[in-house]
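We call the chains A, B and C, going by the order they appear; numbering starts again at 1 in every chain.
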Amino acid sequence: MQESTSTVSLGHREDRWRGELNFDSRMRRARLGLAIGLIGVLMIFISFTSAYVVRQGLPTFDPATNTLVRDWFSVRLPGLLFLNTIVLLLSSGTMELARRRTLEDAKSADAALSAESRIPWLALTVLLGLSFLVGQWTVWRELGASGFYISTNPSSSFTYLLTGMHGAHLLGGIFALLAAGTVTLLRRPIESRAVLIDIAGWYWHFMAALWVYILCLLEFAH
Amino acid sequence: MGLALLLVIWLITFISTFIFLAKIWWLPTGASAAAAGIDHHFTVTFILMGIVFVAAQVFLGLFVWKYREQNSSRKALYTHGNNTMEIAWTVLTAVLFIGLNWASKPLWASERFDPAKSGAVQVEVTGMQFQWYFRYPGPDGKFGATKPELIDPSAGGESAVGLDPADPASKDDVVTGTMYVPVNREVEVILRAHDVIHSFFIPSMRFKQDAVPGLAIHMHFTPIATGDYEIACAELCGLGHYKMHGMLKVVSQKEYDKWLAAREAEKQ
Amino acid sequence: MATGEFAGHIPHAHAAPQSFIRKWVFSLDHKVIGLQYYFLALTAVFVGMFLSLLMRIHLVWPGVSLPLIGDIKPETYLSLLTMHGTIMVFFVLTTAPQGGFGNYFLPIQIGAADMAFPVLNMLSFWVTFVAFLVLIAAFFVAGGAPLHGWTGYPPLSALQSAGPGEGLGADLWVISIALFCIGALMSALNFITTTLDMRAKGMSMMRMPLTCWAWFITAILGLLAFGVLFSAGILLLLDRNAGTSFFVPLVTVNGIMAAHKGGSPLLWQHLFWFFGHPEVYIAILPAMGLCSQLVSVFSRKPIFGYKAMVYAMLSIGILGFMVWGHHMFMSGISPYTAFGMSVMTMAIGVPSAIKTFNWIGTLWGGKIRFTPPMLFAIGFVSLFVTGGISGPFLAQPVLDIPLHETFFVIAHFHLIMGVASIFGIFAATYYWFPKMFGRMMNERMARLHFWFSFVGTYAIFMPMHYTGMAALLRRYSQYTELAYMHSLAPLNKFITYAAFITIAGQFIFLFNLFWSMKRGEKASDNPWEATTLEWTTATPPPHDNFGGLTPVVYNGPYEYSVPGAPQDYLMQTDAATKAVGH
C-alpha cells in the first residue's frame, strides 16, 4: 500500500480511494458499519421482545366461561439449552482469541509469523458454533417430544421464534467465519483478513450476548 | 411563467376554498348530542387551517411572480435567514397547533374517557362478514352467554351471534338485523366481531369505532333526532366490505318499547 | 473543468470494471446502482399508476369489462388497491429518492469516491429487485394478489379463509416485504457509515447540502424502523402458516372456528405503525432536502435558515417515532394513549411548518429562474402545504371520528406523500439528468409535464377532501349500496376524468426521459450554475467521481449572490473567494 506524498493528510480519516485506505481507517469504517448494522438487528429483537411482553400480559376471552383469562403457561426449558449456552460462550472465547491473534499479526511488521504453528482458534469457533446450532435443533426435538410445538401455546411459539431467529442470525455469522477462514487459507493480505475477522468477531460476541438476553427473557420473564 | 404560476396557484386556492366555504359538500347533518361540539370544533379547525392554507399559497404565488429574474441588475438578497423570525413562527405555530388540539380535549374526554351513564340503552353490536347484528338484553337487563361453537351465520338471528340457549339470561335476548333505539337517551354499544376487524360507523351520529375480534369495546352516543340513519362498515373486512351496511332507526320511547315488546313476543 | 481546489493526486486510481456484467449488472459503482434503483422505481410507478387507473375506472363504471383484465370483481378491486399501495409506498417512494438519487449523489456531494461498502450496496439493490419480483408474482398465483390493503391488518391478512387472495398471494406479499426490509437495512447501514466517515476535508456536517442531511436522517429512520416491520412480517407469516396466534384471537369465519386463539390484532397495528409512521417521513424527507436545494439554486439565494432546516429534519425524525398511535385512534386503544399521541402529532406539524416558512423565505428577495426542476420544487411547496393542512384535522382524535377511513385521509396522504414526493422525484430527475447523462431534458416537454401534473393532481385529490367530509369510505369496491354515497357519484366521475388526463401527461415525462438521453441538448459540467460538489465533476462523473482527486471544501453549500463575488455563485471548493458566515 503506497502513500502518495502530495496527498493532504486528513489525520485518521484519510481517504482517497477504498483500496488505498490505511489499515486503521479501514478498520474504523468497518467497525462503524457493523455497529450501525447491529442496531438494525437489535430493533428486530426489540420488536419481538415487545410482542412477547404484550402477549404475556394479554388476557384472552374464554367463551367457555365468558370471562377474560390469562393463557400464558411458560414452557419448561430443556436443560440442554443451558449446555448450549456454555458452548456458545466458549465459542465467544475462541473467537476473541482468533480476533486478537489476527490483529497482532496485522500490526506486526513480520507477518510471516503466520498460522503454521498456531492453534486454529477460528476453526474451533466454527466447530463450537455448529455444535450450538445442532444443540438448538436437538432442543427443538426435545420440546416436540414433550408435546410443545410452535403452535402449541403462546410461550412455545415465542420459544421457537426467538431461538429460531437467533439461530438464523448465528448461521449468518458462521458463513462470515467460513469466509474469513477461506480468505486466510487463500493467503489474502493480512490486513483484509484482520478486518474481516475483527468484524466477524464482534458480530459473534453480539450474537452471544443476544443469546444470553433471549435465554433470560424465556427463563425469567413471567 | 411567474405570472402563470401565481395565477394557477391562486386560482386553485380560491376555487377550492370557495367550495369548502359554500359547503357544497360537507359533513352529513348531525343527529347526536356530540355532533354539535364535534362540528363546531371542525369549523374552528377549518377556519384556522384555512387561513394558514390561503396565506401560504398566496405568499408562494406572490413571491414566485414578484421575485422572478427579470434581466435587471438586481441582485438577490444575500441572507442566511433570521433567527428572530424563526423563533417567532415556531412559537406561533406550536401555540396554534397544540392549542387547537388541547381545546378538543374536553370533547374527546366526554366521548371516550367517560363510560356510559347508568340507565343507558344497551345494545351489543356484532360484526361479521358481511352483516351487522344487534342484540338487546331484554327485561332481565343481562346479556346471555355466547359460544363460538354455536355460531351459524346462515341461520341468522340468535344463531348468527352464537347465543347459548342453555344460559337462562339468553331467553329474553333479542337479536335483529336492524338497530332500533329511543331518541334522547344515551345508547351504550358493546362492539364485538367474529372473524376480522370491522368498524361500526354511523355518519350522522358522528360515531365510529372498530369492532375487534377478541375484544368487547364499550362506547356510547345519544341520538337527538328521530329518523333512519345508515350504518357503514369502516374497516376493510374482505370482499363484501362495500355492502356490509345496516340501518339505525331512532324512534320515540313509546315506539321503541312497542317494537321491543313485539320482538320479545315473537320469541315465544 | 471545475475551478475548485483539489488536494493531492493519486497516480493510479482504481481501474473501472470492463465486462458488461461487472459494469452494468453486478456493478459496485454507486452511480450505476443508483440508476438501477431509479429504473426499478420507474417501472414500479407505471405499474402502480396503471392499477390506480383501473380502480378509478371501476368506481365510476362498476359493470365495465376491461380489455385483457375482464370483469373487476370486488376481490379484484381490493387486490388492485392492496398492490397499488404496496408498490407505491415501498418500490417507488422508498426506492427512487433514497436508493436512486441518494445512492448516486450522496457520495459525490460529500466528496467521496463511492459508498462505504460497495458490495453491500450492490446486494441491497438486488435484494430489493427480487422483492419486487416476488410481489408481482402474487398477481399470477392461484387466488391472486392479496386483498387486505397495504396495511395488512390481521385477522384478515392472517387467515387463508378470510377471502380470495389470502392464500399464496398473501404469503408472497409478506415475503416480498420482508426481503424489502433486508435490502433497506443494508442500504441504511451504507448511507449512515458513508455520511459519518467519508466526508472530504472541509465538508463538516454543517456544510453538507440539505439533500445529504435528508438522506442521512432518512437512513437513520430506516435503520430503526425496518427491523420492526420485518419482525411483524415474520410473526404474520407464522400465524398464516405455522398455526401460531400472535395476532389472531379466537375467530369464526362463516361459522367455522379457526385454529387460533389468544392473539391480538392490535399488536400487529402497533408494530406496523411503529414502522409505518417513520416510513412516511422516509418517503418525504429526501424530497424536502431536494426542495431546499432547488429553491436556493434557482432563487440565487442561500437557503433561509440552514440550521433551522437541519434541526427541523432532526425533530421530524425523532418525533416521527412517537406518533404512530394516530393511525389507531379508532382501533380500540386507550383514549388516553390516543390523546397523548395526538399532542405529539400536532407537535410534529411544527418543524414541517418551519421548513415551509423557510422555503418561502428563500424565494423572498430572490432572482427566480423557472427551470423545470424549479417548477417542480415550487409545485412541491404548494402540494406540501395543501397536504399538510389536512393533517391537523386528522391529528385531533375527536375530528378523526368522522374522518377516519374516509377519502379525506386518502386526500391527505396522497397530496403530502404521494404527489409531493413524486414531484421531488421529477424535480431530481430534471435537475440531475444533465450530470448523469450529459444532456439536458427537453424544456418544452418538461413544462407541459409540469402543468399536467400540477393542475391534474390537484384536480384528482382536492375533491377527495369533499367526498371524505361527506363520509365516503375508502376501500369500497363500489358505492352502490349506501344511499348517502350516491350523491357523490358526479364528484367521483370528475376525479376519474382528472386521473385519465394526469396519467396521460406522465407519458410526456417518460418520452422526454428516454428521448433526451439520445437527443437532448448537450450539457456543460454545471448547467445550473450551482455550488455543490457534483457540479465540479466531469459529466457524467468518472468511475471514482473526482478523477483521482480529493476535493477540499471551503464554503457552505448555498453561497449564491455573495456581495463582492465575481459571479453569483460560489462553488463549495472555491478557496479564492471566502464566503461570509459559513
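To be clear about the criterion, a contact is a pair of C-beta atoms (placed from the backbone, for glycine too) under 8 Å apart; a residue touches a chain by one contact, two chains touch by 3 or more.
Computed from a prediction, not measured in an experiment: that's the story for all the values here.
Chain centres here are means of the Cα atoms, and by that rule the chain farthest away from chain B is A. No other two chains have as many C-beta pairs in contact as B-C. Chain C has its Cα centroid nearest to the centroid of all protein Cα atoms in the structure. The distance from the centre of chain A to the centre of chain B, each centre being the mean of the chain's C-alpha atoms, comes to 48 Å.
Note on chain placement: the centre of chain A and the centre of chain C lie 33 Å apart, centres being C-alpha means. Averaging C-alpha coordinates per chain places the centre of chain B 30 Å away from that of chain C. Looking at chain B, residues 148, 214-215 sit in touch with two or more other chains. Residues of chain A found to touch two or more other chains are 60-61, 63. Residue positions of chain C with contacts to 2 or more other chains are 249-250, 262-264. Here chain B touches chain C in the complex through residues 1-2, 5, 8-9, 12, 16, 19-20, 24-28, 38, 41-42, 45-46, 49, 52-53, 56-57, 59-60, 63-64, 67-69, 74-82, 85-86, 89-90, 93-94, 97-98, 100-102, 104-105, 107-109, 111-113, 129, 148-149, 151-154, 162, 194-197, 199, 201, 203, 206-210, 212-215, 217, 230, 232-243, 245, going by the rule given at the top. Chain A makes touch with chain B in their complex at residues 60-61, 63-64, 66.
Of all residues in chain C, only 7-11, 13-14, 112-114, 116-118, 120, 185-186, 188-190, 192-193, 196-198, 201, 223-228, 230-232, 234-235, 238, 242-246, 249-250, 259, 261-264, 267, 270-271, 274, 544, 550, 552 touch chain A in the complex they form. Partner chain C is touched in their complex by these residues of chain A: 4, 6-8, 10, 13, 15-20, 28-29, 32-33, 36-37, 39-44, 46-48, 50-51, 54-55, 58, 60-61, 63, 71, 150-151, 154, 157, 161, 165.
Taken together, the chain B residues at the contact with chain A in this complex read 145-148, 214-216.
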